[in-house]
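There are structures below to look over.
Next come two complexes, and both contain chain A; in the first it sits with chain B, in the second with chain C.
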Partner chain A sequence: MNASRFDLWLGLPLAAIALLLPFTGPSDFMLNLATLVMIWAVFAIGFDFVFGLLGMVSFGHASFLGLGGYALALATQMWGLPFCAGVSLAIVAGALCAWLFSFFALRVSGIFFALVTLALSQLLYILADSKLRAWTGGADGLPGVARPGLGGIDFFDSTLFYWYVLAVFALVMAAVVVLRRSPFGRVIAGIRQNETRAEQLGFDVHRYKQITFIVSGGISGLAGALLASLLMYVNPQMLHWTTSGDVIIMTLLGGAGTLWGPVIGVLAFEVLKEWLSGWTQYWYGILGLIFILATLFFPKGIVGELQERYGQWRDKAARRDGRIS
Partner chain B sequence: MSDIALKCDGVTVSYGALNAIDDVSHSFAQGRIYGLIGPNGAGKTTLLNVLAGRQMRHRGSIHCFGADITRTPPHERAHLGIGRSFQITKIFAEMTVLDNLRIAAQIKHSRFQPFWIAPRYERRLAGDIDAMLELTGLSARRDDIAGTLSYGLQRALELGITLMPDPRILLLDEPLAGVGQHEIASSTRLIKAVSAGRTVLLIEHNMDAIMSLSEEIVVMSNGRVIAVGAPEQIRNDATVRSVYLGEEES
Partner chain C sequence: MIALEHASVKYGHALALEDISIEVGLHEIVAIVGRNGAGKSTTLKTLVGLLPLVAGRRVFGERDISRLSVEQIARQGVALVPDTRRIFPNLTVRENLRIGAVAHQPGYWTEARVLEVFPRLGERIDFGGDQLSGGEQQMLAIARALLGNPRILLLDEPTEGLAPLIVDQLVEVFAHVHRQGTGIVLVEQNLKVPMKLAHRQYVLDHGQVVWSGTSAELKDQRQLVENLITTGAAQ
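After this line comes the complex of A and B, so read on.
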């Protein structure tokens, strides 16, 4: 109960800011940054399904993001499909890739899971960079990825595209809230807390992990399509392991396993990146230092830490009011 | 349906040169309570692991109500009616007592779990959850986080989780271990109550409890079954006294 009220208190101002931003006369740069944050947040939320909810570190999520981007690019450019079909294909591509990965990766756990996902995604990156050049454009990538076409609205306009991404982001958030509170979500949380108990009760733990991994891949694929559309460009760098590394850092920074943690993590990361890169070319090093300090002092991430403080504060208030003896 | 609930045939589990279980063959009749005793390292927990499917690397075969389950994974065995509690409590420690029982009730009601918020489904679970809270005496603690309960109450919760899917066979690994003295009598009564009509395999080091609960005692030593009999008979068995209680054979 505590957690859901906390989520609401945190979500309301964020929603207000997101809704009001376009009316404050922001620059194109500002709107694009906000759009980028929301897209990466979708990716981080998808990633956190495996990381936060299942407690498994995947180092291969760049594959699902990148494939999503390429699926949209190829669907719209090569096969002439409409944008919506391209996005659907991106979701399917991400999910399908996660499904394939799961056959190898879910045989192992812990650090080995991280290594297998890393190896598989790097394999895909190398293929995209060299062997599949005819499809991926090699290191040059594919320029001119489409923007949505919806009833004659010009989504090349930054503000309109911002609204489009905000709508998708809101939908993803709503779906995540529902999934986390569903009977399925409860079982996933149970598997993270005690896999043996869940299995001994009769839950096919492997299947549950696989489904979660596939959902995570699908959401990441969607983020990939949106990212390609925002940048109007896709290249193999999206598939590179550093992309997987970035999303791990963002999620940890914000607070893995919490509802808003991945979103806040992405926001903090991107804003810091923009700010620091204006000052120095060594921004990544400084960001790394901030990350190290954050993991030392806020091991639960920004939102995780806030959520704990909020819980303590409520307990204290309840005790003071004599509701708990 | 077979009168035999569980049967193991020539079961051997080896760790290198050591046989944790050595050619164990035994049948457990339906509806009886079996006490599994033996010194540490006798292979009792390993046997329970083999029966529950946690230890699949073994020789020999396992049958459950006549069906061969030797290669059946643990979650499928649960659906055949095998419930298992552990020596070290296995609960969902970060969830409330209510959610612990809710998850257990979910698997009883459906193998498919909805991806959406399902009030009607949740209402169907409520009756079972209330009954189990009542049975385990946890009604007043329903909203407590499971990990914050006393060890005795955590054991009661684990028993509640194990019982929720209504298993026909109960494998209980030291359900009284770590339970405070003042809670032993009530825990023993609870185990007695829930054992009715079920096949129960009970490992326990509390001799008074296991002798009073069991209808038949299986004594293990060095991975082998060395004696089987009624509690009174086992108490007076010279071999058992020698290996288990460390007394000289007269």
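After this line comes the complex of A and C, so read on.
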């Protein structure tokens, strides 16, 4: 049950690896892969707010990610705003889109929630791909998305950009830890477990869900800006429902609702993707098979299973020491 | 005062409560008794807004709260401890308690005070809700409700399935809660507890109030009590 100690034990080696990686003389490919993992991890963490903490399957998160990317691209290229303002706009765009989606999607639950978010997301994708071509570049997308420009530091250097993304990732993780442990976090955990009971305790469940959805959209928008900045490119594919599908797979693989689950899930997904795609063109099929096997044999995901075993081990140790009966 | 005035409630097409009127003062303990399926739990659910009225009114103080949502009624200071306990199983005891404390205004009941009343919860503060025994879960459900500092506490069969020793502890706790100025509505099949605690009682049958009066008066209604006992309402 002591999840915070488990999170610490898991987080420490991950943090050590992340901090030491640039000093091991990695290739640009390796650094870019690590940067990509952290950016997708930010997205998965944002997504898991709705999926893992509230227990709602959203197919709309690709929209928040894509809008974040486009917000940064348009802000810096079209309107000449500085990078920081572009990233802020990306967060606002993701949050605003989530707020708008919530008016339709939160009226329903379960499979209908998934379908409404899917429909809204695809609507936005089609608009970006065709009707809003003047803004989005259509299928060609918008190349030349900016990278940060702070005090003359060259963020086109892979190592420096890695440090920048690592700092943002650490800030997001810290914010998520604070939020999960706050009264707000406890209430959304309670809503997930028993919505009716939470209502009876006096919580406006709809409002809490809406705020969670907006926070999730904002984090996804930030991830979109980081992804566009890494790739220096954004196109409507980021808004496609398959992007939402990928983040669902990543989160389930790692362990939905756990602190490190989305991060480990992204890491496993991206490493497997890189390895399998170098081996066969049918890598996505094999990845799908791995995912099916993982959900059959490890339904709680990698971190969820580890956390459960850690809890059992602690209980056994406590009983052995006579601390509990 | 919380009250139902000529209230009727349906489950689908079936009438579960029919023209029922009950009233509970903020400083009294009122019991609702009756056989299985008489409508006791339905009455509590109706009071907190979980079931909509098809006729009549729901009143808190002088205010008509018939159209308020469940959480709006809860924020008036009405707390329900349901018969299924409904703690949050994946949260620790501490987290369950803190959820209760987030919901309402501060008051007499603090985390320290409820842990004083339920020391067993203090010993298991970092345990998961699903690691507690039935009695401990009931204590947690009551403690969590108290942390909201309710003005009126609705308890649906709080002693059901618990060991006599724990039942005695809970009776003391309810008396203590009442002394702090909280009204209590108690639904019980075991008549022993209402007879010890309640000032007034309502007897329900087939969704209607068939008798109401003080506990002392109920003792005198021998035939009615015998009927309740023969249907297994009091063991």
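Some points to look at:
Here, the second predicted complex is superposed on the first by the 324 of 325 C-alpha atoms of A that agree within 3 Å, B and C clash if a C-alpha of one lies under 4 Å from a C-alpha of the other, contacts with A are read in each partner's own complex, and residues count from 1 in each chain.
One rule holds for everything that comes next: a residue touches a chain if its C-beta (ideal position, glycine included) is under 8 Å from a C-beta of that chain, and two chains touch if they have at least 3 such contacts.
These figures come from a predicted structure and were not determined experimentally.
Within the superposed three-chain model, A:Q312 lies out of touch with both chain B and chain C [touch as defined at top].
In the overlay built on the shared chain, the residue A:S109 is in contact with neither chain B nor chain C.
Of the two partner chains placed by the overlay, chain B and chain C both lie in contact with A:G190. Shared-chain residue A:V178: touches chain B; no touch with chain C.
When the shared chain is aligned, no partner comes close enough to touch A:T280: not chain B, not chain C.
Shared interface residues of chain A, touching chain B in one complex and chain C in the other, are 183, 186-187, 189-190, 193-194, 196-205. Taken in their complex, chain A has these residues touching chain C: 1-2, 183, 186-187, 189-190, 193-194, 196-205, 324. The residues of chain C lying in touch with chain A in their complex are 48, 50, 69-71, 74-75, 79-80, 82, 86, 88-92, 95, 98-100, 102-104, 126-128, 131, 144-145, 148. Note for the complex: chain B touches chain A at residues 52, 54, 74-76, 78-79, 83-84, 86, 90-95, 99, 102-104, 106-107, 111, 113-118, 121-122, 161-162, 164-165.
On the chain A side of its complex with chain B, the touching residues are 178-179, 181-184, 186-187, 189-190, 193-194, 196-205.
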